[in-house]
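There's a structure below that I have some questions on.
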Amino acid sequence: METVYVDNNATTRVAPEVVEAMTPYFSDFYGNPSSMHAFGGSVGAKLKTAREQVASLLGALPEEIVFTSCGTESDSTAIHAALQSNPDKRHIITTRVEHPAVKNLVEHLGKIGYRTTFVPVDRQGRLDLDFLYDRLSDDTAIVSVMWANNETGTIFPVEEIARKVRQRGIVFHTDAVQAVGKVPIDMGDSAIDMLSLSGHKLHAPKGIGALYVRKGTKFAPFLMGGHQEGGRRAGTENSASIIGLGRAAQLATEWMDEENSRVRAFRDKLESELLKRVPASMVNGDPENRLPNTTSIAFEYIEGEAILLLMDQHGICASSGSACTSGSLEPSHVLRAMGVPFTAAHGSIRFSLSIYNTEEEIDFIIDKMPPIIERLRQMSPFWREGQFA
Amino acid sequence: METVYVDNNATTRVAPEVVEAMTPYFSDFYGNPSSMHAFGGSVGAKLKTAREQVASLLGALPEEIVFTSCGTESDSTAIHAALQSNPDKRHIITTRVEHPAVKNLVEHLGKIGYRTTFVPVDRQGRLDLDFLYDRLSDDTAIVSVMWANNETGTIFPVEEIARKVRQRGIVFHTDAVQAVGKVPIDMGDSAIDMLSLSGHKLHAPKGIGALYVRKGTKFAPFLMGGHQEGGRRAGTENSASIIGLGRAAQLATEWMDEENSRVRAFRDKLESELLKRVPASMVNGDPENRLPNTTSIAFEYIEGEAILLLMDQHGICASSGSACTSGSLEPSHVLRAMGVPFTAAHGSIRFSLSIYNTEEEIDFIIDKMPPIIERLRQMSPFWREGQFA
Amino acid sequence: MWDYTDKTKDHFLNPRNVGFIDDFDGIGEVGSLACGDALKLTFKLDENERIADAKFQTFGCASAIASSSALTEMIKGLTLDEAAKVTNEDIADYLGGLPKEKMHCSVMGRDAMEKAIAYYRGEAEKKIDGEIVCECFGVTDKQIERAVKENG
């Protein structure tokens, strides 16, 4: 059975070009880039190139890039840096639809004495901006708003928010883990102070991430120890993966047009055909401002895990809620924040495409989904009731 | 020119067997192990095996292993976990010869209000145990003592210390980054609560580490977010590297005898020949309790960087101080703590071998070093003075 | 991904006794939309007061579906007293075990059975009003009914 992978917001295939770039740095050029010998030093030169490549994808300066081990670490680092460098400020603003990497951390900080505000969203997942602006105060250390939501693909107006936040002299961070590589980003012309990205969402390996830190932004390291990354992140540099991330950044630039044309067209076809063929189905999120690769579709009156397992019988890989939280039994906090009814939230499936998807795969999914939904609805005690409600 | 690599305490060659184990998990089996489809789930099964392999190397239970991104993160996690779970205790004990991953963190904690004690060492680098035991108090949250020193290879009596520390109900952590894979470790019969290791010191890739957390030890995560690693370390699992670390752990078990016989014999030969052929040279550290692969030799009256660069002309890769601190110009804090005179500390070179070294390489180094030292000494204003001192 | 046994997978992929017995003797409904699981169980007795047929409808995860399927197989041919003794552990054992995070999904089957028997014996209203039926959220069945109506 062929695998039809439409779970790219969970993680992506490492591009073969990336693997090729990385491979020499395992067993051949394995030197420590901080070492005082040419063998290690030559790796250091490669890291410089990788830093430039990542900077270039973001329209940033190379020295504004700090390599980390993942998106979660980038998020933690940004929030800690803002709190440490503004020790008098005790207020944190974020949204109700952040990834757990931000949400759970801010909730924890709320428990240990920080004041926290979680900005609500409407039924389409759009942020209540006035609510956010009203809460800005001299006590606010950081505002963290994700660029694009991992579950629905909804894109938030981070640039507009960043400008307002900067006017108040407050640090603005964005978790752009789902945006980088999918939509153009230019930090050169931006008010955003810090931005998180994660390699494995853009065809680089797992276990590598980066934090963009605008030149001049006050900073304090989260991981302390050696002097790597200009004293901003300790730990021996993960050279192979950094080099891989550099190559992936380069590819992302090349692929940006295709992502926003071919991939978008496939997503649109998948979405409109499923809505047409499956009764009582609807799209979650803001159809206007959305990542080109993502659609979250609620199939009412049935449950997501069961849908996924039946899809799995056909080799179709997708997700219900975010992969991070799929170990838990709760319906997604994102869909709950949007007020999606329980009957719909539970049966929501996220399809997230990549440039590796083909039209045949899309057609295959369009073909297989309706009978799966029908079969589960036949078992559901709510289905008939729902139809007549 | 061939590379003669004797800088294995800085980082190691990734074993080809490890690369082979990892490679399928980049572009073929790239699924997210937390996903609800067989494509990701099958990766989850491999992580289970890797966890068992790492546990087996340590004589631990699989559920006692938490994968992290590096040795530094393991150290930070251990110390934060102990402080978070013992919020009333404000005292930290460590040593003056720790790696910066522990030393700099504890110094930072000292600045933000914790009470810190740094246990001194003698001229051979041996810990003042009575000093340590005298400082244990009801306010002590954690004692962190490295298993083996990265610069000198000195092995500390961590088991003995752990037993005394446990009697007082205090958490004991050891940074075993340099010990794992070089000396046998059995946590099954141990009083150690937490133990850090780093993949790239044992022929796994950079960017992967682990923290052993004894069952029942109070814990709080350092990286918060998703529920990976049983809620103990958030962030999408670095599956390829975890699988690589598992394979490396297996190899380390197989290679343990060789490390302690052939590698040790090479180290001993290198050391005794250099001491014999180079006047005014001496070994730093405790010759009795030492890693089998490490020797730190002080060539008096000359400076380490200059030595390394001349060695580099012959392709010989070694280190002065730790790679992490080699960017700085200060003599190593480890050698200073031992009271090694400045004239000797500056000219100290660490040779650290691995199972990949051959006898030819050792002979090559023995051959090349004396003229390098001689040449630099001819330039040194201290050398003649030294001879008459 | 959950570690389901082959038997659990089989009962999920090929569930037995899906449906609703229109002329049921007993009916039990439990569950919570909040945690993504609800179960409606109906049974019919034969002349010897043994369960002749049982059918279920489930809104739920794979283990809820498999547990329901298993339960209906297990209770066929039993007297009501015997069926009342089937525990959620028995259901899990029948399936070769369930992941521990999913054990509570088999509780639903047992609770539905209990309610269906109570219905048959005319004790249906015994403790139903506002009963907390789901461990996950502490949501009551009243709320579920409301949620179904409101959102349907």
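Per-chain residue numbering starts at 1, and chain names A, B and C are given in the order in which the chains are listed.
Everything that follows uses one rule, which is that a residue touches a chain if its C-beta (ideal position, glycine included) is under 8 Å from a C-beta of that chain, and two chains touch if they have at least 3 such contacts.
Molecules present, by chain and UniProt name: A, B = Cysteine desulfurase.
Bear in mind the structure is a predicted one, so any value in this text is a computation, not a measurement.
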Chain nearest the global centroid, as defined over all protein CA atoms shown: A
Most remote chain, CA-based centroid, reference being subunit C: B
Whole-Å separation of chain centres (CA-atom averages), subunit B against subunit C: 55
Subunit A-subunit C separation of Cα centroids, rounded to whole Å: 38
Distance from the mean Cα position of subunit B to that of subunit A, given in whole angstrom: 34
Residue numbers of subunit A (touch at least two other chains): 305, 309, 327
Junction residues of subunit C - those touching two or more other chains: none
Subunit C - residues contacting subunit A, complex: 12-13, 15, 18, 29, 33-40, 56-62, 64-65, 101, 136-137, 147-152
Subunit A partner contacts - residues on subunit B that touch it in the complex: 3, 5, 7, 10-16, 18-19, 22-23, 26-27, 30-32, 34-40, 69-73, 75-76, 99-102, 104-105, 108, 198, 200, 205-208, 223-228, 234-241, 305, 308-309, 311-312, 315-320, 322-328
For the subunit A and subunit C complex, residues of the former touching the latter: 301-306, 309-310, 313, 327, 329-331, 341-344, 346, 378-382, 385-386, 389
